[in-house]
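Following this line, the structures themselves.
Presented sequentially are two complexes of chain A, the first with chain B as partner and the second with chain C.
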Partner chain A sequence: MTIASMADTYIARSKEIAARNLDGEMMIMSAVDSTFFTLNPVATLIWQAADGKTPLADIVAQRVCAEFEVEPAVARQDAEQFVAELSQHGILLVSDRPIDPESTSMEKP
Partner chain B sequence: MTSFDQQVGLHEICVDIGDTPILLRTSDPRFRELIAERYIGFVSNPGPAESTFDIDLLPRPHFPLEGDESVELEPNENDDDVPLIVKHEHGQWRLQRGDFHAQWDSATREGRIVQAPTPYAIDTLLRIVHSLIQADRGGFLLHGASAIRNGKAFLFSGISGAGKTTISRLAPHDTTVLTDEISYVRFHGGSYRACGTPFAGELARVGENAQAPIEHLFFLAKGPENRIESIRPSDALRMLLRNILFFADDSTLVEAVFRSACQFLERVPVSRLTFYPDVHVWDLIG
Partner chain C sequence: MSLMSAMTDKAMEMGIPISVHVDVTYRCNERCEHCYLDHDDKGEMTTQEIKCLFDQLAAVGVFFLTLSGGEVFMRRDFLELVEHARNLQFNVKIKTNGVMIREREARRLRELGAEEIQISIYSHRPEVHDAITKVPGSLKRSLDAVQFLKSRGLKVVVSNVLMKVNRDDQQATHDMVRQLGVNYALDPTVTPMMDGNRNVLDLRVDASALREVFNDASLVGNVEEFCAPPVAVDGDVLEGYSCSAGLNSCYVSPYGDVFPCVQFPLPTGNIRRQKFADIWYQSPQMNEVRSIRVKDLPVCSTCTHAGSCTRCPGLAYMEGSMRGPSTADCEKSFHRTGIPSANMLRKAAAAASVGPLIQIQPMTV
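Moving on, here comes the complex of A and B:
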């Protein structure tokens, strides 16, 4: 994924996960391979905004850069790495077009 | 038991762990006695059971596993390196190791196992079935020791060598040791209870068949002094999941266990207990 392509990148949460916000920390476990992740606040924000409809570039520009003191270039790079890692484990779905909500999951209560 | 069962000589025995009785039926009276001795203290009169298993004994059973379907039991099994399959197929659980093959219908709660006339296969079967039953109920089996003192249960979890048997041996005389190996955690009436199990570790004796509300979970580490430290929730969850008995190739089960672990941490205090192996460590515990 390149910075230029982020405008055409959409991310959504997989159904094959279990997630819980425990004492302010978002924890995610892949139901496929049991990989366990603890998300930092920025990653949590991206995770929560991964609705399949909002381009990743907009999530970074309008949410991450607005809520955290971070340079846009750094935020984009971090977001790319985060999305790449979680998508490798099937936790985030990535597409160059909006993702059907029926094929995604929402955070469990 | 029906009159027909009696005619063909089926021998029943009910093993009741965690208020979850499992009825075992065998045609071999000697094997029934072997089970009765192994699970002494956890045997009840045959009656309404949570599940029933028919046991077929073979002198030397051998169930080879396909190379691509060998699944290691999570790090909590006695036979750490023995491949084991636990799969949910066509509405039934299939459990298979080299020395046994079992099927269990979680809806009808009926099952069958083909195994050697030793207690090892049935021991593994019971751990797995209890794990599956509790997964639906918010409970779990945990690689850890547990004990009751002053009406409260304390859990001590950790990998092999962390001190589970040591902390059990150091328990004061007024303590009831529930297990030094596999703790049984039930979610009942909105709270968690620890129940005794017959699954023994190096202590080599079955736990007491007793239960109490869980007061605290400690993750064990040996050190030069006794101290209790807090643990970040994310670390606690990671450590708890690492020590719960479950089988990672079933997504529904993984989700259930994750949910149970999170719920447990929201209700039970968790700390790291570093201890020097002498009796004073119990002064810190309670």
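Moving on, here comes the complex of A and C:
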């Protein structure tokens, strides 16, 4: 992913996870491979904003940069790394078009 | 320290129940010799009540949710309950005998993203396992369940309880589990019945069996480290806790009763009458349990094992005092290290100071 492409990047939380917010830090465990992560407050904010509809660029500009004192270029770079890492474990779904929330849900019998 | 340990420690510092065990039923299709439960249904929670409980647990920060029984699949709504729990993003572990798990159930559990399924198996031989469960054919059914679950990619743990009746089968059972390609957990502690009845303790293995288990690297890892002499007792040990019961974990029965742990039958409230958060944060009993540090234990605080003992406050409570020793854990510490506990030394001294019940003295004339 490049900085230029962030406007066309959409992210959504997978439902193949266990997750809980512990005092502002998100605990997340993959239900697929049991990988366990904790997210700091900035990463937690991106995670919570990952609704599949809001472009990543907007999440960074309107949420991260608005709520934390951080340079936009640094925020974008960190967000890219964060998204790349979580998407590798299937915890965060990434697409170049909006993601239907139902497509992230667990299958029905 | 692992990330997971760091988060559970943080939950403990913040007083958040990060881990809760819920028995959804006490009904069971097996009648295991060592079971501590009364299997009659005395009014278990409805589907809606359990869903409401799960909602409350999620709201207070519970992450790890263990669903057990009785046999969980005796409830026709069990998979519906798991689905609700997973929609609330719990990490769900399930304890079952597996007898009612066929391909359909295994597939659904995988779809729902259950973290781990623990299946009780007591021997590799049907004549021993089925005699313990009192259900002919139960070993085959449980082993079939292991295969169904494993083929779906679920993490399976076979759980065994070491007793006199299956002691000689332990190694071969472990070998069988290895061949199945799943994990194995062995519990050497038979616990008293929930009603306090201790007859079941006759099933406990003797010292030689415990020592054998504690020196088996395939079970304990590094034997030298596991059986090492106890660490020095310092201020940190004395200010610490012997168990997380009531601190970051608790247990809820099928009737909605909340206890500090499944092995700690101290009633602290009932979710049919109170909110879970009110019980967790305000119950005097729960607050008493979590107020007890190692330094507050009259005997155990003087014990050389204080920093490494697996002392169970629930077993201590069932012996008479939640601040007292748990004899089963004293014995484990002794057989692990060869060093007697303070409780054992105290009992030996008391026995030596008391003369025989009937004394005959020669009459001197």
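As a convention for this text, the second predicted complex is superposed on the first by the 104 of 109 C-alpha atoms of A that agree within 3 Å, B and C clash if a C-alpha of one lies under 4 Å from a C-alpha of the other, contacts with A are read in each partner's own complex, and residues count from 1 in each chain.
FYI, contacts are C-beta pairs under 8 Å (C-beta built on N, C-alpha and C of every residue); 3 or more make two chains touch, one makes a residue touch a chain.
Just so you know, these numbers come straight off a predicted model, no measurement behind them.
> Once chain A of both complexes is superposed, is A:A7 in touch with chain B (first), chain C (second), both, or neither?
neither
> Between chain C and chain B, which one touches more residues of chain A when both complexes sit on the common chain A?
So, of the two partners, C touches more residues of chain A.
> Under the contact definition given at the top, report the residues of chain A touching chain B in one complex and chain C in the other.
Residues 16, 18, 20, 22-23, 25, 27, 29, 31-32, 34, 36, 38, 108 of chain A touch both chain B and chain C.
> Please give the residue numbers of chain C that touch chain A in the complex, ascending.
For chain C paired with chain A, touching residues are 3-4, 6-7, 10-11, 14, 16, 18, 58, 61-63, 83, 86, 89-92, 104, 107-108, 111-115, 155.
> With touch defined as at the start, can you tell me which chain A residues reach chain B in the complex?
16, 18, 20, 22-23, 25, 27, 29-34, 36, 38, 108
> Which residues of chain B touch chain A once you look at their complex with the stated criterion?
Residue positions touching the partner: 232-234, 237-238, 241, 248, 251-252, 254-255, 258-259, 262, 265-266.
> For a test of understanding, state which residues of chain A touch chain C in their complex under the given definition.
These residues of chain A touch chain C: 15-23, 25, 27, 29, 31-32, 34, 36-38, 106-109.
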